[in-house]
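For reference, chains read A, B, C and D in written order, and residue numbers begin at 1 within each chain.
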Amino acid sequence: MASPRVAVLGASGYAGAIAAMLLYRHPHFALAHVTARSEAGQRLDDVHPRTRVPLELEPWDPAVQSGVDAALVCWPHRVAAPAVAALRERGVRVVDLSADFRLRDRGIYEDWYGPHGAPELFGQAVYGLPELHRAAIAGADLVANPGCYPTAALLALAPLARAGLLGDIVIDAKSGVSGAGREPTATTHFIAADENMTPYKVERHRHTPEIEQELAGQGAALTITFTPHLVPLAQGELVSCYVTPARDADPDELLELYDDAYATEPFVEVRTGPPGVQEVRDTNFCRMSVHHDGRTGRVLVFSSIDNLWKGAASQAVQNLNVMFGRDEREGIA
Amino acid sequence: MASPRVAVLGASGYAGAIAAMLLYRHPHFALAHVTARSEAGQRLDDVHPRTRVPLELEPWDPAVQSGVDAALVCWPHRVAAPAVAALRERGVRVVDLSADFRLRDRGIYEDWYGPHGAPELFGQAVYGLPELHRAAIAGADLVANPGCYPTAALLALAPLARAGLLGDIVIDAKSGVSGAGREPTATTHFIAADENMTPYKVERHRHTPEIEQELAGQGAALTITFTPHLVPLAQGELVSCYVTPARDADPDELLELYDDAYATEPFVEVRTGPPGVQEVRDTNFCRMSVHHDGRTGRVLVFSSIDNLWKGAASQAVQNLNVMFGRDEREGIA
Amino acid sequence: MASPRVAVLGASGYAGAIAAMLLYRHPHFALAHVTARSEAGQRLDDVHPRTRVPLELEPWDPAVQSGVDAALVCWPHRVAAPAVAALRERGVRVVDLSADFRLRDRGIYEDWYGPHGAPELFGQAVYGLPELHRAAIAGADLVANPGCYPTAALLALAPLARAGLLGDIVIDAKSGVSGAGREPTATTHFIAADENMTPYKVERHRHTPEIEQELAGQGAALTITFTPHLVPLAQGELVSCYVTPARDADPDELLELYDDAYATEPFVEVRTGPPGVQEVRDTNFCRMSVHHDGRTGRVLVFSSIDNLWKGAASQAVQNLNVMFGRDEREGIA
Amino acid sequence: MASPRVAVLGASGYAGAIAAMLLYRHPHFALAHVTARSEAGQRLDDVHPRTRVPLELEPWDPAVQSGVDAALVCWPHRVAAPAVAALRERGVRVVDLSADFRLRDRGIYEDWYGPHGAPELFGQAVYGLPELHRAAIAGADLVANPGCYPTAALLALAPLARAGLLGDIVIDAKSGVSGAGREPTATTHFIAADENMTPYKVERHRHTPEIEQELAGQGAALTITFTPHLVPLAQGELVSCYVTPARDADPDELLELYDDAYATEPFVEVRTGPPGVQEVRDTNFCRMSVHHDGRTGRVLVFSSIDNLWKGAASQAVQNLNVMFGRDEREGIA
């Protein structure tokens, strides 16, 4: 069987470049196109040497790049949707890494993001967190790759949600600077980020409704507090979840819940001690620990991922593997 | 009037070295002695060049270093107490930077720290957070310098405590690596800390009872959740406080509370946007913001300090200034 | 005597902000104006909180800011010269931190920088390295503050130049990212600079002719090899000088040369072991070591400064102190 | 054909852990044993999670671990030699990552390292830089894996050496902190290394004679100046070579020399612009640029590697590939 041909749209961004790197070396897929806007005409391995992908970045042209079997769209929200629509029209199976197809309530999308760029497709995607929606992803033609924070948070909280244990939640999240994108700004300047850390988008980070939607899908409809922080490292995300349980939880039940949920998952590691982000750097793993605080009765879950890998690029490839019936670990383990 | 003579015990540690540097340049005090154990005999500016204090580190000898008017004890808990006792016996006024005299409940001390090294003095100290206890510090002969996390957390939460607004609290704290001390360990190795972040001492960090004690003193007796994290930077501490208010709070009331509390404080800066740690690096400032999350009703307070300065050394000098009737800002602003 | 009033032009840049901070706290000078272009109207302590200078940034207007006794011009080359001319016309004494008045050969200036913005003043400035030109600076109305690399390199090499020991020189220099300025660019992006290091401007860094000119002034006319490297830290510059001596040098002679040159200098520290940049961070010190390599006969000199302080802002204040007959250390030690 | 079985001695160190990780995933070799001293009994993926090698670390016992086809010895010099001898006695083919078998002059070894731990084997190894000694490595039973600095420096200088162009050399090298090993020390403490850089082992780094020996082998017998510097990043090494050519060189000749040397090498990238270390992080690549400085006639070569990969672990696997007749890129590209 011929290798399915894949295009990566937006391969000059951090996540797109890693996705292209993974697909270029993938045993099953063939990387057919990589696109970029301002850097079109350059080779990807000139723009991102570590990828060592010797392909030329092309300008996006639906007529050209849609002659593929699948596409990863690594564009910002709002501009991603029309490209996704163009690809879907031509029958291309799509993993969209933007936020455009993650939410299922149109009003909520518009509240947090503004008008949608392809309303006819809104609500058509499967939410691409394989550990929660594997079967649906397998049959999907359009998969919405989760946000980085939701990936780490949902893997941390889903077992509690399903067990009816989520009473109230505070999520304190910390991310490396690559999460802010490749655009040089006052925030991403080395001098501003180095030896610094700061909360950002307090009360209004767009991953909030995404986490709430998916927790509701696991049985826990509630309003959460979610605050991200910027920390001085390149890649890595740590999500600290403080849960006031809806009923008393005991430590043994907690361990069992997480063991049941993840013992056979290839990319989730539940450990006794709290995870660091170094342990998952440049991997598709999510590593976590769950704790019962006897003094307060709270349940604490700490979960770490690489925001560019499991939080974006490698999870997109994991979804592609599932969509095409391959071993989920191919090309990313 | 002659300058009061001051000794710094444990001047080879991070906080001790900064305290010595500040006192050596202080317009009112005279730095008379600096002590160290394994580095005795070396000059402080050889061990810590940035201090540029050309004094020789002496071994601790109560007969020698107690011929001073005041001492800063920068030793670990358990070993600090006997030295403090020896100094107090000779009438030396002491600011103790260890945890030995911060708690007022002997049982709690022993639960968290073990047997006390100078039980006769236990409970005799004033808790040295000038913004909360200025008057008592002025008359004190023994001041217990607060822990770094309690400093940032208490300044953040005291206005809410006094207003009866503290219902339930989660504190997610983040600290630079200097907080782990100067001992080379697997944790402080550059390769372990660089590009990493991780929770530590989950459920059992010793600053927990200290924060609870002082919040109770401000009118809010409650059990808190407090989790520190290690982040890859040298100095700086950020404390993110998630408060479920005991009653509805409105944004205007919050701003007023913090304005009332801190408008005239020389070292507390209340700002609209969330603080970064860079903004307070190498200073005695605490910088904070308070937010009302309309979606959940929660109150969020973010507070940043330099863990070695306001969290230790410069706050000790601030206390010394208060104890000796000087302008609180002398030598540290 | 009233405090001389000083203006800082370009106070929103890294060096300008530090200069403003130092002058605002200076015991002798009064900071009268701080200017900025795009950030005019904001307060300096909003743009650069660590300065804690509560002055409003003004747009540059010669009619307004030239009513001062002295000015520090912290603008890029080419645009600095006309501002300097405008200030000089009104009798203001100027320390110019740009490269516009450092060179004395007009042809060389134009080769490396292009047309000069105030040709009538070209060649009128004193080169502001106090350790080499103190007397001339004292009487000068226009002082050209040295480049950061030249500062470290010339202090390292001047004793050898004067002793006729400079045969051939390779200078390998390393600088923190603040040297690249506050503009967010692909180079200064955290992700590009973090965990990276790279040579830059190979064969063509503009500090080359400046170093050659000043070495010639110390008696060593020669063509040098100078290569800067970008390293992942905020402030700090290390210059490694590899000298093939013009005649045999012996270790004792070397030590004597450096001792003679610097024993009484307040801001130069000659040490036995090689210097780190941490030791001079946020100071006006230059710290160095000199070594004789018995295997090759080479002389090695390592010299470190803070590129924003001794390499720019604090050296400008040091020059101002000298120009106004003050103790050279005032406000910067 | 059965997979050759390989043991990694010293798998708890940085290089050993990476070597074990690479071999565990290698398509041809089977990782049979991993040894450690103080961490014996733990699993490698507990000590070094990123390896994800679920093998138990064993104490070194020649009777146990020598039942393999090949071994990588990742021990310090002096203690490596006896283990190598024990393995060789049992017919195991060895790549030794220590310095014990790199030098061919016994006197020089003893001058720089002290008495040798297996004198009977001294001088029996092939120097394992495949780009220079591929054929000899293919037939060797004992390969001495090069030091990290020699790897980068020799690849940078060999083309000039062979062309008779090496007149005089200064090598200014910069390395990330992992080069100092996993032992927590005052030097490797985060606070000492972060935001710092410093020369070290001035005039006496042990890689000096190794570089000289191998340059002589390429036709250039000379005494070099080599100075390493510590920079604040985890992995990465940049070697800046300043060559005074023995005769005039012209830019075109230089490019041709490097093209001839490396155009077909799978792991050497010659580029126009100077390399950064990020571009080779976690890879077996060496990336370099060569420049002719028209002002001074000097030739400048900049070369970067990952000190733990091409400078140690992945190069050892590359050697193993060559020794066992495999495609050199297997398991490391």
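In this section, contacts are C-beta pairs under 8 Å (C-beta built on N, C-alpha and C of every residue); 3 or more make two chains touch, one makes a residue touch a chain.
In this text the structure is predicted, and so the values were computed from the model without any measurement.
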**OP:** Pick out whichever of the two, C-D or A-D, is joined by more C-beta pairs in contact.
**Re:** C-D
Original post:
In terms of contact pairs by residue number, which of B-D, B-C or A-B shares over half with A-C?
Top reply: B-D
Original post:
Could you state the distance in Å from the CA-based centre of subunit C to that of subunit D?
Top reply: 39
**OP:** Please work out the Cα centroid separation of subunit B and subunit D, and write it as a whole number of Å.
**Re:** 46
Original post:
If you average the CA atoms of subunit A and of subunit D, how many Å lie between those two points?
Top reply: 37
Original post:
At which residue positions does subunit A touch at least two other chains?
Top reply: 194-195, 232-234, 278, 281
**OP:** Flag every residue of subunit C that touches subunit B in the complex, lowest number first.
**Re:** 49-50, 195, 278-279, 281-283, 287
Subject >> Contacting residues of subunit D [partner subunit C, same complex] >> reply: 168, 170, 172, 174, 176, 192, 194-200, 202-203, 208, 223-225, 227, 229, 231-236, 238, 240, 242, 244, 274-278, 281, 289, 291, 293-296, 298, 300, 302, 304
Subject >> Sites on subunit A touched by subunit C in the complex >> reply: 14, 177-178, 182, 184-186, 188-191, 193-195, 232-234
